[in-house]
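Both complexes shown next keep chain A, but they swap its partner, so chain B is in the first and chain C is in the second.
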Partner chain A sequence: MSGDDRSAKVYALHLAVLAVLFALNFVLPAYYHGLMARIMVLAVFAMGYNVLFGYAGLLSLGHAMFFAAGMYGTGLTIVHFGFSVPLAFVSGIACGAVLAFVIGLLALRTSGVAFMIVTMMFAQVFALSLIYFAGWTGGDQGLVIPQPARILNLGAAFDLTDPTVRYMAALALFAAALFATLALVRSRHGRVLVAIRENEERTKMLGYDTFANKLAAVTASGTISAAAGAAFALLFGYVGANFAGVQYSILPLLWVLLGGAATTLGPLLGTLVMYVVTDTASSFTSAWLLIVGVVLILLVLFFPKGILGTLRARWLGWLP
Partner chain B sequence: MAFGPHLLLAVLEGLVTAAVLSLTALGLSLVFGVMRIVNVAHGEFFMLGAVLAWAVANALGGHPALGFVAALVIAPLIVGAVAWLAERLVLSRLNYNPESTIVATIGLLYIIQQLALTFYGPEARPVAPPFNVRLSLPWFGYSAYKLSIIATAALLLIATWLVLTRTKIGLTMRATQYDSETAQAFGIPVGRVYAGVFALGAMLAALAAVLIVPISQAHYLMGQDPLLLSFIVVIIGGLGSLRGTVVAAVLIGVSDGVVSMFFSPTLAKMIATLAVALVLVFRPQGLFGTAAR
Partner chain C sequence: MIGPLPMDPLLVTKGLTRRFGGLKAVDGVDFTLMPGEIRAVIGPNGAGKTTFVSMVCGRVLPSAGMILFDGGDITDMPPHSRVRQGIAYTFQITSVFPNLSVYDNVALPVQRTLTDGRSRGAIHTGVLTALEKVGLADRAAMQAGQLAYGHQRLLEVAMGLALKPRLLILDEPTQGLSDAEIEDFVRLVRTVAEDATVLLIEHNMPLVMQLADRITVFDAGRVLAEGTPEQIRSDAAVQAAYLGTGAGEAA
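And now, the complex of A and B:
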């Protein structure tokens, strides 16, 4: 198969997925419509995680801090400074990018197990400081962003609390993140990241600056996660410390593992499947954490490549 | 109360924390030292110990001391069995790959937590202390039970140290830690040693929890703080070093007690966590440890 043929297939697949998501807007019943918007935003979070975990092979246990940095960077500037929607969104992303760059500078001095623990600890400090500065952040209670502050003025006014507008905004963010990661992983930088994942020493020996490449990966990953957090704050109007907790560092790992690490569409699929599973299960049990735990263990034991990773290994070698 | 007695009280409270912490952290440190894996579910073994202690004491009734002593024996045994099973069924099949084991122990964490919530419930329940004596110091009264925690923990630490350095079991463990392939070649059943170490680590956490449960309370979310603090202690003390673990536990326990008493507990945790993350970044071998092989 020639390279052009492959590219055409890849773009066709990604556009088809976006088309399906667009069409779902008109057919889904209200409850699932809202849920799907949420899934798309969280899938962006998972895609950010996937850049670092899937492609660069760095397992972070602290990504909730980047998601929460975006969320609070947006929410706090709206509540305390009265920022408009676009400005607050940008400030959320900027907060996440700066935080990710600084954390990357520090945490990348370690590797392996130490990297996981260090990221977890930085995230814990971040979560604790949200609670400590409760006067600003609302602490455990969090903050609700009032409806008038969530109207996007671009000539015409878009009310982000309206279900259709919200769905389309989530879809737009998702599409942007999808093509950004697709471009990233098909770029030179993306291939260097995969090389680092497979054999860091050899990559270094070939003359690549592995530290700079990994730092760029952490920053990109944190920025995408922050964009998801910022969008979550705007679309769902709530900013809370629980989004900075350990659980929200584990969930993107779970989604990516389930959908398939190092696949562009894996994060969406993993998030979607996990939501369907917990949603179905919640009708007969409230023990959804049990499901999370069991799925995690079954995945690492029997299915380490995830859904799309297995498909790619077996049949669809062209899948990015 | 004047500053001096206030400080003494803070130090005493800190020593109690340090006693429990050194047991818990020693468990984590042993598992890391011998098996080279990070057990994220360690805090849940602690929680399970406390919850089982309540269940045992509650089922027995009678004099509090009877229930407590029974709990001190039964709870760690059950927790050890659970850990042994988890090691044989899951971790051994992952070939102790660091990333897979972390993910698997995260799964284990959620499973244990959810089961505790389902079967034990969301309430925090106390266990009666085995004896209720207050020592009158010149400035304040202090619970004799809390002092006995320090003594018991010290005894258990010495016992663990003796097992590690003076017995055949300890020798086998150290040989496995030093070089598992050579140990295997010399006929040491490495798989069984790993399972035993994992169970022992969990049992130490459970013991610590049984000791603390009369003065705190058993709750299904109580495993998070010990996990984080144990990480902190093990990292500062140097991974896999018993002496370093104890020194670091005292350091962290006492400073946590002092900072919590004079400032805010949240601030104390923030500072400790940040400090340790930075230690790990700039001095990965720990403050007292030597560089890892």
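And now, the complex of A and C:
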């Protein structure tokens, strides 16, 4: 195995993707510039989902709660406690990490379909709680984070409402999450997660505590998803209960399936393609959901491994 | 056993029992395995051999009785902890990771045993050593699922070896192997037995007679007989229950 050669290729590809995203900042028209920032943040959500679904093989239908935990952990601490941007961001991530750990402890007692249902139920409880405690959370109206609270002071002041700053902040988060997942999936822990996905019983008989490994995967996955939610609150200034709804649990699954499960760049590609298809379809018909549905059905029929998964299976075996 | 034992046994089971509904698959088995031994477990289909070793490695929990490994009680220990204690199990039905490379299949057990080594170098060396032992080093980059069946069985053994076990349980390892492959396999087990105790479930009687130090015969969930290959060959009860009269062709 020419491991070094392969590593070089992998890093070159990932850096090239980041370079393209950086360059897009200077060429995209205003509307697409804002959309791209949003896509990068949501791609981080999808990357978090991919750690659990793609690599560890656990299908959660409750990831909206981790995204929303990050979002509300950030938004509520700003609105109610006057936290600064970095502190609010960290508390959002911490909320997601703790929630993911606890949910993992409970939900991992099940597997397969039961795991899907249990995670979905927990997410529903979470979403309904957000609406129930409307005095704090703004209920289904949500909360708007005022512009002065979205200024990041790091010596110099960065106004996260400024399009370029927002784009670069989204890119920085995306790059961090990309290299974090790349490091994870190339690590020994990543190899164990794939083994669990392929054959959990066998992995146990190789001496691995599969429960502990899955719990670590749920926690890592929830934490990355929460980072996306926290960034979303800061960059787009809105915290809303719709982000905790079942739709936002299914979207990252679709993005990952579309781009390619268990590929590091699949989540970005899937999120991007889905937005492009949605955007294009909705520009000429109000039945855009129908078109999105047809695209998804075609995808599952002809590219069940997703775009990058298919490329990897056919031509690019070295893709991580 | 007569007289004092020269060493402490590696594995002891006392009254080990497993019921499936009304059926007693394993019924009150007392079993002792000494370190360094190659022990074969034989018996007709449904005699409880696989259930017995599954309880030893923790895949099946006993209904009654206890299991001692190296003097410690492991009856309620989860399987992954037993592996860490040094009990490795290779599956009867080949159970490699078909979608992973041969290399990754072996890297999994190797990295498990490395307590200090975060280094990729240590994993790499361990993987190649294990693959060379079974003669699969040149196929490291292949997908495990694309290996020939005999090679998948060898990979399975390599994964067991890579765990550096004190007790290696082989559940029908030669099933589906050609005669030439079986010869290689016998050599391999002899090498393994230099460092580890081997517990072997096997139907191939000539192989068992050739390889085992002692043989335990199971029948209907109980131990019917135990002894050296010569003793077992001449045991009337065994002949009646299993071997048939005369030569061993049971499989």
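Just so we're on the same page, the second predicted complex is superposed on the first by the 308 of 320 C-alpha atoms of A that agree within 3 Å, B and C clash if a C-alpha of one lies under 4 Å from a C-alpha of the other, contacts with A are read in each partner's own complex, and residues count from 1 in each chain.
Here is the rule we use: contacts are C-beta pairs under 8 Å (C-beta built on N, C-alpha and C of every residue); 3 or more make two chains touch, one makes a residue touch a chain.
The structure presented is a predicted model; accordingly, all values stated were derived computationally and were not measured.
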Contacts of A:257 with chain B and chain C, given as first, second, both or neither: first
A:208 touches, of chain B and chain C: first, second, both or neither? second
Chain B versus chain C as contact partner of A:80, first or second or both or neither: neither
Touched partner set for A:132, first chain B, second chain C, both or neither: first
Superposition-derived comparison: chain B or chain C, residues of chain A touched: B
Residues of chain A contacting chain B in one complex and chain C in the other: none
Residue ranges of chain A in contact with chain B within the complex: 59, 61, 106-107, 109-110, 112-114, 116-118, 120-122, 124-125, 128-129, 131-132, 246, 250, 253, 257, 287, 289-290, 292-297, 299-301, 304
Chain A contact footprint on chain B (complex, rising order): 38, 90, 93-94, 98-100, 102-104, 106-115, 117-118, 224, 228, 231-232, 235, 264, 266-267, 269-270, 273-274, 276-278, 280-282, 284
Chain C-touching residues of chain A, taken from the complex the two chains share: 1, 3, 188, 191-192, 194-195, 198-199, 201-210
Complex interface listing, chain C residues touching chain A: 57, 59, 78-81, 83-84, 88-89, 91, 95-100, 103-104, 107-109, 111-113, 120, 123, 140-141, 159, 163
